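Presented below are the structures under discussion, each in the form of structure tokens.
Next come two complexes, and both contain chain A; in the first it sits with chain B, in the second with chain C.
On to the complex of A and B.
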């Protein structure tokens, strides 16, 4: 698999973030130098442009994620279509699986998975119960081909599946296949099912292939064509393919006017389907795909079950939707809010009784405030049997501030480490070895002081006062801001410019369907300022990006970005 | 013969696990010597890999004696029961030349591909299973199968052209893929081509046409991705062709029953062991039924996160943090994790040895190449990286030997495997890892 953005991983969307990233790329250097540069990096990006600079994104060929594929099937065939998708996991690029979808390569086994899933979906869609209401015509003879009826049905379904690009030739070919199959199998519906299998395996359905046309407003430049714009919008806002109205707006040319695009975007933002889009984005950005393999040691954490893990993911997504979409709060408040939701399984972790999903506000003196103190963050970035300040600090840097933390430097002589003392009781004491050893200190100093502030929460996210009988000191620092505990860490993070610039960078990459690049720096800085002026309201940011010139303008891909490889398993 | 319920016997073996029962030989399938099919074709060769992460401690892993009749120290003790089927290779190195030592990555990439990666995204060449598959994997339903015991599809140490072969992680799903509706029983008394498969083949041709058409509107790099997609469709087409052809009877082929349920999520050694057993049974029968001739099993990740109940650190963390017991001279819990891995490896080899095939066993017609990603994981060492082979590759490989590599590149073991599988590649690996001669002590 290739990683077009790999060579740019130290570059992020604002000047401030770039400075911090450069620090992290050299984190093995002495800590004093790291701290000095970090101070500069904390400066706000006040010099960013107030007018949208020239921007744009490359045209991408991205594979639908399994979630997008399922959402598409649900839209076309009904919400009750349930099937298992075993699509190969996507590589993460520039912090997002969605960006990896534009880079992922394929093996034979993966293609077989796509085909098997499509076959199962076609079979379900054409089962006897569903066909009654799904198929918009009746064949003259259910045991034979009926071209007219097949054309009517496949034309409607194919238009959505192909996201508007079902040509007459493709439709005719599909009808031919349906007819051949119906005659051979002596079953009209089996014929339709076969044709659907073909559609669902078509690269034009599984891949979103963006295409362009000359931009009349910018002579010499290209812009996405209407169907490509429609797909970008629907994948961004609904995590699904365009609906009929959006395709019609594309077909009429309305979508390519400022007014028409604004009307389409406002309709989509007002739709209940926006929630699915926002959930999908944060699920991706927060690395929640890791929940698929999360498990805890049942002897050490008896209250943590598979249901707890599932509910922890749901808790955070519910909180995000409630805060950002329902209450339209400032994005930064996610890291300080005491409002959330509890399920019975989470209640066992929180020490609070909950029946079903219940709104819950933690008391003012509670150590729980903000997403960092939710079980999703605490448990996901811990080991199976204990907490990990390093993993938590690394996750905060990488996921929320877009500051990649390098793996242990190559060629470290680990034999230089002292034989660990088995009598050490707390994580703080254990990690002291890393922070004082010059080989390890560079990186551990940028992760551990953050993660240590969360040490009042064990590897399952349960509150504790002590660790192995020793009292826990939860003080720490984040880029020179000192704090005493997790709640103060959240408050410090809330005010970090990198927090909001990181969200902007991720949303922009997600919206344009691929990794960001250094050339996007000016555009990202512009959106940083826009976001600030909007009071850090997510729906407003989504609207601004979706209506921007950059969203539709095509930028050529710089050669170096297409050569690097993606991460290992 | 007709009254003998072979299926029932084998199901008992595979579900019970512990009893070795020679399958009643169906002589009609074989030639007079029992080493080839009645048609005169040789028994097919199979190639597999078995991988575990976080290496070993040579002090308690490596036998002191070379040659035959070597002993099995603490960490390799579980292998004693399959000792006559395996070869152990010591003092072989994974050379990184000027490339960095990427912790828990460099080692496995070298042992699998023969080349050192430049960065964590870099996957040079193709892994050995892919190279072998190009030689012997073209006639079966699946060119290769990759499975993992940790429940994570990303846990794969097989790649082609930089793309990982995604691992099957769910025994239930894997069973359906192998023995679900698309499975063609070679021993079925009758054969009728499925008209649905004929239809699918026709539909697939349209999909292939659309793939070629889409290539016209994308850039050069995306054309490569669509070529990969097209190659995958070709493999599917090949599967359909096989489904439309009457398969030859295979005496050893008795599909296992579907697993009742997937083991629950988790990485305790017990759960990993359960998954490993289920996946092993399925892989063994996939090979016996000639659904594939190339397979990969990963016991745990290179950054092994396997856990020991009640012990707060996963395997990898334990390698770096457990105190070296001064009395024992090694890290006892790290060794516990290694022993668990070796137990599963021994079970894996044994499972192949229990399937009677011709006048030998499935293992006799197979060659399994086992490796880790480091030697002493505590210091991320790639020197003396542990390697094994199991099986006789249809009589091409001697077994029961402990070989001293004397600092040779580990890729020499890989090259010997390639040659045993009939590969005509002149060498394996690059730079200091380049090997172009076989290990004469084990080559027949």
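On to the complex of A and C.
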């Protein structure tokens, strides 16, 4: 126990040092964009340069997300080491939790959580059932320390966990700890487990600290070093740490050449692990972390259970992977496609048979078309017992068009909504209160006409013709485009420049590991143009960004500002 | 033909919740939207012997419920009076009587029958006799002699009887008990003179609401063909005023509790089910072969469980033999089967058969 206690103190000390660096690093973050809704958020691609402008991103110090940490464990130790753990939620910045990871603080409670997870993972990895194939050597005596074997194993594992930055000193320190523990416990594997715990909870493993070097192609400027480039690539494309081949490409210098980076990126894009990366990005962008707390009134929505919620999230992610990666379709088609997948729980919502996950194409006359009519969007942006055109409209603006909607004024009177006239049957009629109150109307006019188009779907995402006996009028408008129903809303959204420019902005922020800034406008406009010329194919966009100058170039951070907002856009 | 809807307290609660849901749903589940290709499927969710119950059995069991179960009888037969007895002479002798029952078994303890005017069931032969019941809806000639045999036994009475509660529980949680019925050639769920009914076995767990307790319509069940054609049965029937009535034929139902499968055969069996877009409920009636019924009961729940409901198997066997009213043995002339009725509740499901196109639905929302 004393041994573990000492390690814990060492960990706390290191983490505290890193945390201080983190705070200082983020003092330099640019101020977030204002909360005003702006149609200009969708910069017309015609204004963009055809040549990549000077750009770049700050070096970030970001913490691994739960999923990235677990993916790393799975990569190193095998898929069967899947721990049920959720680290503390990250703040959302510039629309992404991944960007919030570069702003996150670190508490004592979190340290304990990482430590516990690392301990559990190390214990599982050194389990008698796994050690035979996970450990690449056999100790001379299983009841004593074996420095040679410990060095061999920890050297290989540590290289991946530290993303290439395992120094001789760090390795020696880990081997010393393994040997000391093995001698005390008279168990080589227990000693190895102890050293592994230390690695898994090491701040150098938990935090991705980007470092740079002078850029020979741009005198006077800095570029990320090879290990930082490797980490950015693997977190972007695989939502995990670099594999051995990527680290080797970094170590050889190949990754820092255009040709070498292209080869590495193409290999990663062709890997089945790309799916994990794309899923993680859209899970983040679509705010699916909210599923963790989604609950519906089971009296009103009997068909909606925790399984439905889980499957709704999965349905959308499956649809995205199928459309964008498998079929390589236009990103905009996600909002009009009738192709999706159904589970038994979703079959009950859709009113069709579905045993296991089943490909499903809704008929042409079906009201369901595109992601907006999937249960994930409809149920996530509704109340527990009723639909919400306002929440749906707000979500569409903020998540898909990058147009922040301001929060309601502090003194707004909700009584008319909370206790509505019982003679009012529909949400449209109820929301009339907003449109006639000047205090509310300003914002509601940019959300409600969108959300009302989805009113044929109740708060659980089930189709309905009427609401409390009154027929539903699903007509509406989106930035002067009129539509009659949800399918037409999807078609209107598909043609909005803001839809694609928002994706570009989110992918760029996600790729560079932090919030975008006003100074990125030119680069974002350039990628807008590139994306359009690529026919809005996501893998092509990922490739373009990953191979761009901006991806590796370090942008000087302007004067420190503490006005950065951590709230949702 | 009338049908009484037998509702347990749980079923009543389910129905109330369902009604509330429908009121809120704004017409999400209209019958027409569930009839696809003129068919509709259902999965069994509840199953228990149809026992007409009044409070504390006042009407049907005026002499009171059965008090002498296995433990009580054992104490009377073998009092702790200092007499030396062997296990063979006592426990094993009693167990032997259970597993090798004899119509000549001398019943030493009172085993009151359920009586009264009313019972659930079906007039299986179109006659009205002195031993028949009247249904709560007023239909005469109801054949349900099994009700007489088990109606005054707590074991079979709801909601707390062990057989009552455990059978239902096992129907819900054990996929082996998954029973599907599918109505095809349906033009109108309200009235249709000519419908086909297939009975199948299902594979999947039941779809529940957020509480995990309430089974909801709209799930999907794959047909389990592993048990052969014997358990894929084709019936013919009609729907009258929303009640499905199938032509009488032998109907086989498989069932298991505690991993002991058994088969129930309803000879000249018939379904009487009130059908709707959300589910179906009613009874399966017929003549049960006494020996197979009896062995199934004992295999599913042994003396340990039966003792809680004061059910002594050999007493029940004796009573069933006395009350047997169908299928006489050609040699002895004694009846081998007893008229019965099983309450059944179903929820609507989509039924998927192996090899069929999974994605053929055309009216999804």
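Just so we're on the same page, the second predicted complex is superposed on the first by the 504 of 569 C-alpha atoms of A that agree within 3 Å, B and C clash if a C-alpha of one lies under 4 Å from a C-alpha of the other, contacts with A are read in each partner's own complex, and residues count from 1 in each chain.
Just so it is clear, a contact is a pair of C-beta atoms (placed from the backbone, for glycine too) under 8 Å apart; a residue touches a chain by one contact, two chains touch by 3 or more.
Since we're looking at a predicted model, the values are computed, not measured.
K.L.:
Thinking of the overlay built on chain A, is A:376 touched by chain B (first), by chain C (second), by both, or by neither?
P.N.:
So A:376 meets neither chain B nor chain C here.
K.L.:
Once the shared chain is lined up, is A:111 touching chain B (first), chain C (second), both, or neither of them?
P.N.:
Touch status of A:111: first partner only.
K.L.:
Kindly classify A:516 by the partners it touches after superposition: chain B alone (first), chain C alone (second), both, or neither?
P.N.:
neither
K.L.:
With the two structures laid over each other on chain A, which partner does A:88 touch: chain B (first), chain C (second), both, or neither?
P.N.:
A:88 sits against chain B, while chain C stays out of touch.
K.L.:
Name the contact category of A:65: first (chain B only), second (chain C only), both, or neither.
P.N.:
Touch partners of A:65: none, neither chain B nor chain C.
K.L.:
Answer with first, second, both or neither: which of chain B and chain C does A:239 touch in the superposed model?
P.N.:
Once the two structures are laid over each other on A, A:239 reaches no partner at all.
K.L.:
Touching A:306 in the superposition: chain B (first), chain C (second), both, neither?
P.N.:
A:306 sits against chain B and chain C alike.
K.L.:
What residues on chain A does chain C touch that chain B touches too?
P.N.:
295, 298-300, 306
K.L.:
If we count contacts the way the header does, which residues on chain A are in touch with chain B in the complex?
P.N.:
1-4, 6, 59, 61, 84, 86, 88-89, 104-113, 115-116, 119, 170, 173-174, 177, 180-181, 184-185, 190, 194-195, 197-198, 201-204, 207, 209, 211, 292-295, 297-300, 306, 383-386, 407-408, 410-415, 417, 419-422, 430, 459, 557, 562, 564-569
K.L.:
Using the touch definition from the top, list the residues of chain B that touch chain A in their complex.
P.N.:
Residues of chain B touching chain A: 100-103, 105, 109, 119-123, 142-143, 145-146, 150-157, 160-166, 170, 173, 177, 195-196, 198-200, 202-204, 206-207, 210-211, 214, 217-219, 221-222, 224-226, 228-229, 231-233, 235-236, 239, 264-268, 301, 305, 307, 309-314, 317, 320-324, 378-380.
K.L.:
Using the touch rule from the top, collect the residues of chain C that touch chain A in their complex.
P.N.:
Interface residues on the chain C side: 17-18, 20-21, 24-29, 33-34, 204, 207-212, 214, 216-222, 350-352, 358-359, 361-365.
K.L.:
For chain A, which residues are in contact with chain C within the complex?
P.N.:
295-296, 298-306, 344-345, 347-355, 358-363, 366-368, 458, 462-469
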